[in-house]
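Two complexes follow with subunit A in common, the first pairing it with subunit B and the second with subunit C.
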Partner chain A sequence: MPEESKVSAASAHTVSSYDEELQYLVRRISEMGGVAERMVEQSVHALVNSDHSLSQKVISDDLLVDEAERQIDEKAVLIIARRQPMASDLRDIIGSIRIAADLERIGDMAKNIAKRVIAVEGLGQPKKLVRGLEHLTELALNQLKDVLDAYSNRSPEAASIVRERDEEIDAIYTSLFRELLTYMMEDPRNITACTHLLFCAKNIERIGDHATNIAESIYYMTTGTQPDNERPKDDETASVSVSAK
Partner chain B sequence: MPEESKVSAASAHTVSSYDEELQYLVRRISEMGGVAERMVEQSVHALVNSDHSLSQKVISDDLLVDEAERQIDEKAVLIIARRQPMASDLRDIIGSIRIAADLERIGDMAKNIAKRVIAVEGLGQPKKLVRGLEHLTELALNQLKDVLDAYSNRSPEAASIVRERDEEIDAIYTSLFRELLTYMMEDPRNITACTHLLFCAKNIERIGDHATNIAESIYYMTTGTQPDNERPKDDETASVSVSAK
Partner chain C sequence: MNMMSEAAVEQAVNTKAGATVPVKMKARKVGVFYGDKQALFDVDLDVREKHVTALIGPSGCGKSTFLRCLNRMNDTIDGCRVTGDITMDSANIYDPSVDVVELRASVGMVFQKPNPFPKTIYENIVYGPKIHGLVSSKAEMDEVVETSLRKAGLFEEVKDRLQESGTGLSGGQQQRLCIARAIAVSPEVILMDEPCSALDPIATAKVEELIDELRENYTIVIVTHSMQQAARVSQRTAMFHLGNLVEEGATDHMFTNPDDQRTQDYITGRFG
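Coming up: the complex of A and B.
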């Protein structure tokens, strides 16, 4: 995307080395977001298809995301120290640090899913569970894509929409949680694999939460205020109980 | 602690309004750490003793931690904008934002444990599992206490010790994970409660990770460098498999 980012940098600011530094952060975060997105997609694909080499790729890609966070952090601190930015630029820079931290965690979640490929393999992958997990992943990936777009477009409205939509993910996660418990009760041989799938589902639900955190950071960066209404980040499975027959 | 903090502020800096602002961050983080510590302790106590009113207290205490993070963030950004701090103070201020984020997450973990009190109740709490969970909690709380001390004393050495010790928690978590799976296989009626206990154990293991993150922030704040050696933050249960008899 070098061409595109040059154009947007030129239109948004008069070109200066300070602007270039700020644009560096924007570009690195967009790239980092792209890598995290791909990792999530590939981790679930590896899980569903027992694709060991793909899961290895996801695990090693996590280093890219870690390194990106380190670079963004260092650059952010350097810019603040050197340029003594005004309030709105400062919000942007602090926002970059926050967003990079969320993206780094999303990379961790994808890696964690990829690591469970072997443990889940034995389950024989019942269609219903796989469909549920894929659906959950689709929703979380949409959230991640939309929030990265909101970031590129600096749109607090688009960020707010992402934030509101997190509930949908929580609802799907809760129903998947129930299904997995039921499946474990039906046959103890499913317990190990289903437990790992539960953690995978939890990771995907958390990816949705991180997308929501990013949405909140964008809102703060672009408006200077926090969103008013509280949004509970917890999943709702804490009280879910399924009885053995 | 007003008396104590006045004394330490006076001894560390010549008194000025800038120093007072920096001291405010230190004091708020120590207080926030104290609340998070208490929440973790009480959440597991509530879980083990089926104490519903204590679990409600932990759940509502989470608001204190959330509010503390908001205040620390706002103050930190304000100080940077107003005072245009030099590199070492800037590291301190950015470090405060990071540490507050980790403490906020620890509060979330404690709340999440507290919310599972009802779902776990039915298990009749086998001694071995309870002991395992309490032991894991003890280790995580020690890490948290020690890292908060390292923060008060600005000691990179003490922070490094915390960081090295995280492996112990991972090992206990892995063995608890196996025990819980085995217990589920023995009797399907244990599945729901054990699944919730698994998530509680995972939360405690994550508290250890956050203590380690804080240790890394302290190291960075006090030395200006990142610790050299990579420390894997993942748990090692991703490949654990227990077979049904």
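Coming up: the complex of A and C.
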């Protein structure tokens, strides 16, 4: 089945302008993915280094991502109206709309992290927490990078791997959540910074979820079927509590 | 396919067609020759009762040839030979004892170009029932005219001019008149060969709406070049290519995720 979709993506339509329109979507999604990826990376970098100008850049870059989503949506609607797409073409177009929406949300998450740079500044984040956050970011960025590669290569196998791996992010997030709670219990002066960091960690964990959504969209685009098994989850923060001793 | 036993073919076709729905017509290893040239190869297909089955495929793929096998229209072509079996309700329609005129009454046909008789609308409808001896009195004829035109969704539009010529109607009305004419002889199956290709979008929509209503009482097989039409009106779709049946399946599946690469290429506009 994956072979089939690769072949058809390569072979041309009788009407060549149709191919150009579909290619436009592919190109815009890849560009949009690149911007979103960079925003996530820079937002955490800005947070860790209290870099104001970098955080401002991330905030303004979000406009690019929003605009890209609008353009992709408009083009997709136009192609549907003009070509009445069928089968793999139709799945590609629907997939593009979904993926663009996920990337747009990822942009929002990065922007939200960037906005917290000022609030967290000068509160002296504990190094250990920062390292935990960086590690979480690294995992999320890997997921994002791999899922964008899976998109360019039209690979349902690569998409499935991304989907399976979200578990790791959830596990790290749960342990970071515990640590943040512990720090807050130890010294109430940590609460402001820790709360902001907690939101940042949650944002990053959500980015991982969006990467998983994108992986599912890619799987559907390329195979025509939904991934059937329930995705493994290891986010246990809903039941985490730390009791004061 | 040649390697499969008859039972295995039966099994395979039944499983795909969903064995719960009764099969109205059944084609097994159907081949068609025009002289020496073979136009259709070993087609195994079930036509499900009270379903719309769409036959799609590029020009010359054999879909119209197959359609014409279902009411033996190919018999009228010199040098045309049909092999294999086609049954309707388990009875072989190519059996020498079958009256072809009767067969064509129970398996009616509507063509690409509306072809009403150059007679009044009324005469167009009653002609078939009269020669088949289905009606004799004026009252019976009036009734068959009204019910047939009503079923074809045309009665309200033409009730005041039944004595006017059928050829004076618009293209879409003429096509619905032809459908009414086919219905008048109480068919069980209606074959349609690109019934909307000469019609504008509004007339096409009316015919499609009609097809959907007719499905309640009739089994319909439609040949169409419009993928969107096939997707809209049918429940089952069969894809032909170079005289072979490529795949047959639920329409919803065929147009979102076909199994065969040739179907995929055809419906997405990639054949070249």
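Going forward, the second predicted complex is superposed on the first by the 226 of 245 C-alpha atoms of A that agree within 3 Å, B and C clash if a C-alpha of one lies under 4 Å from a C-alpha of the other, contacts with A are read in each partner's own complex, and residues count from 1 in each chain.
Operating definition for what follows: a contact is a pair of C-beta atoms (placed from the backbone, for glycine too) under 8 Å apart; a residue touches a chain by one contact, two chains touch by 3 or more.
Nothing here was measured: the structure is a model prediction, and the numbers come from that model.
Contacts of A:Ile80 after superposition: subunit B is touched, whereas subunit C is not reached. Once the two complexes are overlaid on the shared chain, A:Leu90 sits against subunit B and subunit C alike.
Legend: residue contacts after superposition of the two complexes on their common chain; A:Gly224 is shown touching subunit C, with no touch to subunit B. Applying the stated contact rule after C-alpha superposition, one finds that A:Tyr18 touches subunit C and leaves subunit B untouched.
Of the two partner chains, subunit B is the only one that A:Lys202 touches; subunit C does not reach it. When the two complexes are superposed, the chain touching more residues of subunit A, out of subunit B and subunit C, is B. Once chain A of one complex is fitted onto chain A of the other, the partner contacts of A:Asn112 are limited to subunit B, with no touch recorded for subunit C. Within subunit A, the residues touching subunit B in one complex and subunit C in the other are 84, 86-87, 90-91. Of all the residues in subunit A, the ones that touch subunit C in their complex are 4, 7-8, 11-15, 18, 83-91, 223-225. Contact residues on subunit B toward subunit A in their complex (touch as defined above): 70, 77, 80-81, 84, 86-87, 90-91, 94, 97-98, 101, 108, 111-112, 115-116, 118-119, 122, 181, 184-185, 187-189, 191-192, 195-196, 198-199, 202, 226, 233-234, 238-244. Residues 227-228, 231, 255-258, 261, 263-265, 267-272 of subunit C touch subunit A in their complex.
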